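Following this message is one structure expressed as structure tokens.
Labels for the chains are A, B, C and D, by order of writing; each one numbers its residues from 1.
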Amino acid sequence: MIQKRFENTAKAVADIHDGATLLVGGFGGSGLPSHLIAALVDQGAKDLTVVSNNIGAVSDGVAALISNNQVKKIICSFPVGPHADDLIARFQNGTIKLEISPQGTLAERIRAGGAGIPAFFTPTAAHTELGEGKETRMYNGRLHVLEQAIIGDYAFIKGYRADRWGNLVYNKTQRNFNPVMATAAKITIAEVDEIVEVGELDPENIATQSVYVHRLVKLEAECEGRVLVNG
Amino acid sequence: MIQKRFENTAKAVADIHDGATLLVGGFGGSGLPSHLIAALVDQGAKDLTVVSNNIGAVSDGVAALISNNQVKKIICSFPVGPHADDLIARFQNGTIKLEISPQGTLAERIRAGGAGIPAFFTPTAAHTELGEGKETRMYNGRLHVLEQAIIGDYAFIKGYRADRWGNLVYNKTQRNFNPVMATAAKITIAEVDEIVEVGELDPENIATQSVYVHRLVKLEAECEGRVLVNG
Amino acid sequence: MVKDQQKVGWSKIELASRVAQDLEDGWFVNLGIGIPTLVADVIPEGREIILHSENGLLGLGPKPEPGQEDMDLVNAGKEPITLKPGGSFFSQSDSFAMIRGGHLDAAVLGAFQVSIEGDLASWKVPNDPLGRVGGAMDLTVGAKRIFLCMQHTSKGNPKIVEECTYPLTAPRCVDRIYTDLAVIYVTEEGLVVHELAPGVTFEYLQERTAAPLKIHATGLAQEDILQQ
Amino acid sequence: MVKDQQKVGWSKIELASRVAQDLEDGWFVNLGIGIPTLVADVIPEGREIILHSENGLLGLGPKPEPGQEDMDLVNAGKEPITLKPGGSFFSQSDSFAMIRGGHLDAAVLGAFQVSIEGDLASWKVPNDPLGRVGGAMDLTVGAKRIFLCMQHTSKGNPKIVEECTYPLTAPRCVDRIYTDLAVIYVTEEGLVVHELAPGVTFEYLQERTAAPLKIHATGLAQEDILQQ
């Protein structure tokens, strides 16, 4: 019987190794898997490459991993924000590498990773600093740059409801990067508000199919777990 | 006020020009926009390039356009079937060109067309007859071929329910090629069973967003229309 | 009606309204962060303009009433908004497929600099180690029209220039520039002023612009948008 | 229990059952057209195997009861099927992203020819002007394991050969071959027979195979699947 549920976030992230590539969903604080991030701060894996759209937007996002010195490289479209001070400091002293990818290119590189497409041409960033050093080619009279797929060892995803098979639905714009990141990691870990019986989710309305989700944590159980650990 | 509804299929397809590239949704007879095809048979546009997965599966599919000598080129993954005789005859006497694309490559080329990606690398068809003559490159120790996007002048789509804005939902596996083809044509025409008020479709459950649909025909109205025309 | 000299030009919300006036019925329009997000609050009555937000939403509505905010329903600036009937949600990859695929009629964006040829610089100031590109590069290559919506100057320095000195977002992509002082079209013949904001003269505008401006052939409009 | 010599080997449904036996709990498995589609009807009790259909469905169930057919709910062969609880629908592009992206544990496919090295030919016979590739090339590069499920011979001619003479679907992609006569693994050491169908001897099998076969080191199983 398929059973993807983990007792708490600590157990769900326990095997993440130093040097892992981690995709983190969310758009700022919206749809952010902040409990998984908190568990990874506790777990302490180092030298991570983190792929996430917004880095400095909220304190409980990727910024927490940076402040805890767990990150060696960031791939994102929007590094700045009120919680970017530690990223800026580490970038300037050379302890963190930063790769800025236009948001649509970032999303498409992740989709490509999940879809078995190693590289694609896009008009985005042609003739700009972010296209420099990349292979270019003309299509339809327009310059395009060749971009490479991104695949994670792990993805952290925030969903609204899940079933035991790992099907996910999201709530409104919580969706953002979560469905695409779910497709592009060897191990996708989802924190969700609710886990329902198999068959309760509308088959027309499942935004992330069961095949893409490997571990599930229900947030209330997690909170109880953390209380137990702390107590 | 946005109004995409056409009175009948005849009016919806009236401006399709000779030489147009036409994407036709469906997987065999499932999700096939057969009423739009019938209207195009009546309309008579010639020298069409038709992109559709299955050609000979059913009599009221693309086979009807071939039998009526309206097609100069087919791009598909599965040309054979019980209604492929006319295609075979015209292919053998040189009046129709045939380009076979693996099904996933076909779907991805159409997605790329809709997504502004002119070309991508895929492992599918490497080392095969269908990869011959295409640019290749090694990624991850594996040979990949470069495939080109497909864009249609028109797409024929079958949906289940629509709203006035052009949002669409599908019924079960009727979805198949319809959502992706809807994204990749200059003019997408959808035949649907029902048109509901704006706001009646679940915002989490719209499989084709309004931006992709330019013309709508409700099938009952169409049937009445055809009766009137014929009477 | 020329206003008091103390208050020259359009306020932010007036500027957003002026942009909204030029969005046509049935258009699909992306709103960038900053002043452009205000456009959602001032769509003219009776016009169906379907607003797109890069984070995966079509059918963006105005700001919610106080107390009705939903942090799962936000715009490109992560601010709470509402969804109009007919709206829909989708992923960021689907959202940018829509943008890059050329399906949006217009994008309304902010800018650091825009050149006489419509080059746009909006993601990085020269000495910033980081930059923040977001969706700007995808929108500038993908949307059918790029309308800038911005303050005419930044700390007194002109943002409309002969040539951008900041890193480019995209070359030759801007169609129109809406500022607190004027409406300017980027054309083959150069920057053409179509309208002056209340209290603004052509000379006043040219003084604050580091590129030569032309007057539209049929003359200049100058209206108080609040009267409309 | 060796059957009457008149009926040697497995029937189609027995063959499908034999394949189904080797699908593991929790696997995501694509079923191709032809005999592979029968696998959906014979999934072992108590095992959760999530079946994928290329036309955009996960959670494919068995054939519907007569009269319950829904032509909007079909498999890769366009035959009516059912959806299991937990199933979902998606587009063909999403379906092949799933396939090509390496997310399926196995694909069960038919074949014209398979070589000693696991080369597969399944889309075109040499003198056919058309061919019919469907999803076979995507599945063979994308699924983690390729299991063939086919008749051992075609009109008396062996389908397992030293080298394919038909156009390839993909080179070196096949992991196991399930036929009406045997279960054969494609290995670095060649074709290794793991199991013989009822009434089939190794010699009988080798005679009908145009490539050398080896016996599995721990000996051959030979069971009547109907007894299980």
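We adopt the following convention: contacts are C-beta pairs under 8 Å (C-beta built on N, C-alpha and C of every residue); 3 or more make two chains touch, one makes a residue touch a chain.
On a predicted model such as this, the values are computed, not experimentally measured, just so you know.
When the interfaces A-D and B-D are ranked by how many C-beta pairs touch across them, B-D comes first. Note on chain placement: the centre of chain B and the centre of chain C lie 36 Å apart, centres being C-alpha means.
For the pair chain B and chain D, the distance between C-alpha centroids works out to 30 Å.
With centres taken as mean Cα positions, chain D sits 57 Å from chain C. Along chain A, residues 108, 111, 115-117, 122-123, 170, 172, 203-204, 207 each make contact with two or more other chains.
Looking at chain D, residues 83, 89-90, 96-97, 99-100, 141-142 sit in touch with two or more other chains. Taken together, the touching pairs give a contact graph of some other shape, not a line, ring, star or complete one. By the contact rule set out at the top, the touching chain pairs are A-B, A-C, A-D, B-C, B-D. Listing the residues of chain B that touch chain A in their complex gives 108, 112, 115-123, 137, 139-140, 144, 169-170, 172, 202-205, 207. Against chain D, the residues of chain A that register as touching in their complex are 1-2, 111, 113-117, 163-165, 167, 183-184, 198-199, 201, 203-204, 206, 209-212.
Residue ranges on chain C touching chain B, taken from their complex, read 25-26, 28, 48, 50, 52, 58-59, 83, 85-90, 96-104, 141-142. By the touch criterion stated above, chain B contacts chain D in their complex at residues 27-31, 53, 57, 77-80, 84, 87-88, 91-92, 98, 100-105, 107-108, 110-111, 122-130, 170-180, 207. Across the complex, chain B is touched by residues 53-57, 70-74, 78, 83, 89-93, 95-97, 99-100, 124, 129-138, 141-142, 167-171 of chain D.
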